[in-house]
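Next up: the structures, one after another.
The two complexes that follow have chain A in common; it is paired with chain B in the first and with chain C in the second.
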Partner chain A sequence: MTAILTPFQNLCAIYRGFFRTSLAVQFQYRVAMLIWLLGGIMEPLVYLVVWTTVAQQQGGAVGGFTVQEFAAYYIGAMLVNHAVFTWIMWEYDYRIRSGEFSATLLRPIHPIHRDIAENLAYKVLTLAVMLPAALLLAWIFQPRWAPQPWALALFPLALVLAFFTRFFLDWSLAMAAFWTTRINAINQAYFVVLIFFAGRVAPLDLFPEAVQRLALVLPFRWMLAFPVELILGRLTLAEALGGMVAQLIWIGLGLILARTIYRAGIRRYAAFGA
Partner chain B sequence: MHYLRLFLTYLKLGLLAELEYRANFWIQLVQTAMELALALGGLAVVFRHTGDLGGWRPAELLALLGVYFLIGGLIRTMVRPSMQKFMEDIRKGTLDFTLTKPADAQVLVSIQRFELWKITDVGVGIALLAIALGRLSDSVGPLQAAMFGLTLLSGGLIVYSVWLILATFSFWFVKVENILVIFMTMYEAARWPVTIYPPWLRWILTFLIPVAFATTVPAQAVTGRMDPTTLGIAAGMAGILLVVSRAFWLYGLRFYSGASA
Partner chain C sequence: MASPVIQVHDLRKIYMVGEREAGVLAAVRSLVRRRTRAIRAVDGITFHVDAGEIVGFLGPNGAGKTTTLKMLAGLLHPTEGDARVLGFRPWERDREYLRRMTLVMGQRNQLIWDIPVVDSFELNRAIYNIPPEAYRQTVEELVALLELGPLLHKPVRNLSLGERMKCEIAASLLHRPRVLFLDEPTIGLDVTMQRRIRGFVAEYNRRTGATVLLTSHYMADVEALCRRVIVIHHGVLLFDGALEALVERFSPFKLITVELADLPARDLSAYGQVVRQDEGTVTLRVPKAITPEVTGRLLADLEVLDLTVQDPPIEEVIEQVFAQPEETTLATGNGELRPELL
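So, the complex of A and B:
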């Protein structure tokens, strides 16, 4: 009896396969993996200490954040960032320069599926370190956190949308590797803008009015600061729903961008080393 | 004198190699500009909300940032490329070529490669320091300048020794390059004065991965918060680590069996 799979079941099976192989591969590099996680813990920790110092000097609160709320913000940001970050631009730089991408092209499935599965496998595996790190920081810094029940209910969806908001844009940027082998400068410019407007240097409330307005029309806030503010209970229901609409718009734009650049890119691809 | 000439020769060879890739200069310039934007932007947001950070005024943090870029640039131009080459040589067995040369192998290993274009970081560091010192001119006299020079030298030697110790682990473990990532990650935390960190983190940044001596301590010297004890600890730490790293290097070398031999 032959089972006839629907396209959706088919895709799920493919994802399960990619996920399993990625887990196995990454588990071989567990020490390197742990070391790469350190940056994701240190950056929020450093800014948390900086803002805690400022808040204490200003009598316990600054820009609407108390010391405990900064702790909640940065521990939340650390976990959300862990969920949404990608390293796809270095991956593509390597794959295209080494010619390894040729093998990917031979597979009868769009390469982005493998990239998503690989990213998720890494995230799941490393949660074993990130969660204890978050608990340890929570024990040291005593965050205060009082979300509304509806915010908790909306958070998982906002987080998934944040993941795809970032993933499609990062993936489009990774396609630059088809045109140039010097992607470092491009990436770094992108990351600096992201770090500010995603709310990693400081919660966006602490920036000047003009920066906050700009953050509304750029994609970066919706990748990180928005889900964090949502789960901290700092948004109204209208703001939360509006944010999700913004996420959906950016996901749509990101998808179009990724498709267009990918099509142009593979036409240029010359398969070095193949 | 002999080693100085050796250093200059290697420097010249390194520069010639890098001049082949002139376009990299512009790439590096963009990267340095981006890192500067991140650092200055961070300071700008912080000082929107406070007049000083844990007692450090804006010009003083600018001086700290200058030291951060200066030392970071030196690591990226000289220390990191040489140590990476050294670890690669152990893996491939090509360290033989260094060991058979008639000069001290530690010196040869430490000066063997330069990434010239990373010098943009050094330039930015010096410029930031000059601006900061211009604003702090009333509090910086010859004594402070001397202490600054001494602590900067100590900090540089401490950083070098730590890198040598980490790289020496390659004699036993095939792939330790990732350990160096730990250093660079911790170094980023040294962009802020370690005095603001909670005691456990300050301890890590001072003694376990001693980046505090490379940035905070020299900055303390030009901002008038240096006491003789800190100065002594910095100099003592540099001396001890130089000796320890040398001993560890010699010990590790005994485990090198080569590939061709």
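So, the complex of A and C:
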């Protein structure tokens, strides 16, 4: 009767547990969530309106992007960003300052699993709003995209890799909360660099050559712009495969970083409160 | 029993705390030169606890009790010294260790605020990989012992403090830990609830043979549960032994209560310090050394209906212990350390 689970089955059961409880918790905050979502939709919408206006005034295209291609880019970026973004640094800032992290540390499981499951639960729940929003924008802006069949096939994998590229780096940064209670400034700086080099403000193709080359060696492009360009059919197969190698490298580095900083962090942890 | 379940050797925790005075100027100055001060929260304590013991860990606020428990639960790294619990070094946070112990803190939450209690239990079932049969049995037991039945399906935020505490304790015990660290498990609860939780801890210990180290401000908890107490003060161990021995050791007084035939008018202050006087009953506080002599005189001089000699209440004794200045306690502390541990 006592079916002993293998470690992997057990981990899956734990993920299901975290996922279910997170869904239940987040559902309680559906109004607040709707407001955050609105932010996630408004930002690309603003860029979209600006760039399509510019493109129309320049005779239909800017830097190789037509009005319809801009629309496709920003709608794609909105969806990919929704899949990959995290808010983990704010969580850790609170958890560590309040001592809430103690309860997490007592459990015989690495805290990152809860964080991943919570993130996914939020994404799945909010897809109910994001998808209709994307369809509505598509109906208004008439995007044009022509992905190759292999690009469509590779996209899910590239998206998962983009998620982890961002997740491990964000998570490492969140660990700064072990050292400082003024985590806001660090986060702001990180986000400014991120939205610029990830191609969230504008497609990286529109930037000067030097910026584009820099973007290749930074992790941010692989978190957002790369999967978007892939699904829009703007990459060659070689570029796509190369991008996925870059993602894997950054995931590896991110894992090492997260592990190292976490280990050092819990040595410093002071378990404030109660 | 081969080796003790909890072994603590010369454990120390020194916090470096940033200091600065109030005001903008001080804030600016602290940017340039950070002043830190070392707080010796736990300053070299040594003890061990055998399997199945319930030990009371006493000390005033800031004595280092919670810091010690946090180190033993693997939340904090000690600055120096060593400890083993169930053979594990707690702060290495071996999964197998975390699976076998629990720490219950007054306000810390295992439970998720917005969802029904039973959902948090289910999550713990997954995390601790508790087989379904064992889980059902444990939950049934906990529900019966703590009377959780009506609470299980309520969201945590709708529970009273006492109800929540009961559920927190239950959530912490679903995996049937072998070692329990209880930090003020009854804080803020009414007397009935305190008694119930006390009874529960005793029952859990009896049924499972788990080892318990608990701190409490309520002496009733300690008296009811612990035959042995460890007292720490200013981060050092002051006493380790039987509860009665603590009273014996630290209280230089006895209380003599006499019931007199002739009513109140008499002044008994010549025999000792009058602590209480009502309706023909007088309670005197008398130095231990002269208690027999005073008792004799009372019986000889007065028409005594009844006479009892008692130790003062444990709260009073503890208060006296903690009222001692740091140097004295340190000196006493060294005298009291058990030599085989040094």
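To be clear about the criterion, the second predicted complex is superposed on the first by the 273 of 274 C-alpha atoms of A that agree within 3 Å, B and C clash if a C-alpha of one lies under 4 Å from a C-alpha of the other, contacts with A are read in each partner's own complex, and residues count from 1 in each chain.
We adopt the following convention: a contact is a pair of C-beta atoms (placed from the backbone, for glycine too) under 8 Å apart; a residue touches a chain by one contact, two chains touch by 3 or more.
In this text, all values refer to a predicted model and were calculated from it rather than measured experimentally.
Chemist: Of the two partner chains, chain B (first) and chain C (second), which one does A:G242 touch, if any: first, second, both, or neither?
Modeler: It touches nothing on chain B or chain C.
Chemist: Touching A:G63, do we find chain B (first), chain C (second), both, or neither?
Modeler: The answer is first: A:G63 touches chain B but not chain C.
Chemist: So, A:R182: does it touch chain B (first), chain C (second), both, or neither?
Modeler: first
Chemist: Answer with first, second, both or neither: which of chain B and chain C does A:M42 touch in the superposed model?
Modeler: Only chain B is touched by A:M42; chain C is not.
Chemist: Could you tell me if A:P147 is touching chain B, chain C, both of them or neither one (first, second, both, neither)?
Modeler: neither
Chemist: Please work out whether A:G17 is in contact with chain B alone, chain C alone, both, or neither, and reply first, second, both or neither.
Modeler: second
Chemist: Between chain B and chain C, whom does A:P111 touch in the aligned arrangement: first, second, both, or neither?
Modeler: Once the two structures are laid over each other on A, A:P111 reaches no partner at all.
Chemist: Based on the superposed arrangement, let me know which partner A:V50 touches: chain B (first), chain C (second), both, or neither?
Modeler: first
Chemist: Taking the complex as given, what residues does chain A use to touch chain C?
Modeler: 1-5, 10, 13-14, 16-18, 20-21, 24-25, 28, 99-100, 102-103, 105-109, 266-267, 269-271, 273-274
Chemist: Quick check on the complex: what are the chain B residues that touch chain A?
Modeler: 23-24, 26-27, 30-31, 34-35, 37-38, 41-42, 45-46, 48-50, 52-54, 175, 178-179, 181-182, 185-186, 188-189, 191-192, 196-198, 201
Chemist: Under the stated contact criterion, what part of chain A meets chain B in this complex?
Modeler: Against chain B, the touching part of chain A is residues 31-32, 35-36, 38-39, 42-43, 45-46, 49-51, 53-54, 57-58, 62-63, 140, 182, 184-185, 188-189, 191-192, 195-196, 201-202, 206-208.
Chemist: Chain A touches which residues of chain C in the complex?
Modeler: Contacts found on chain C: 15, 66, 70, 73-77, 93, 95-96, 98-99, 102-103, 105-110, 112-115, 119-120, 122-123, 125-129, 131-134, 183.
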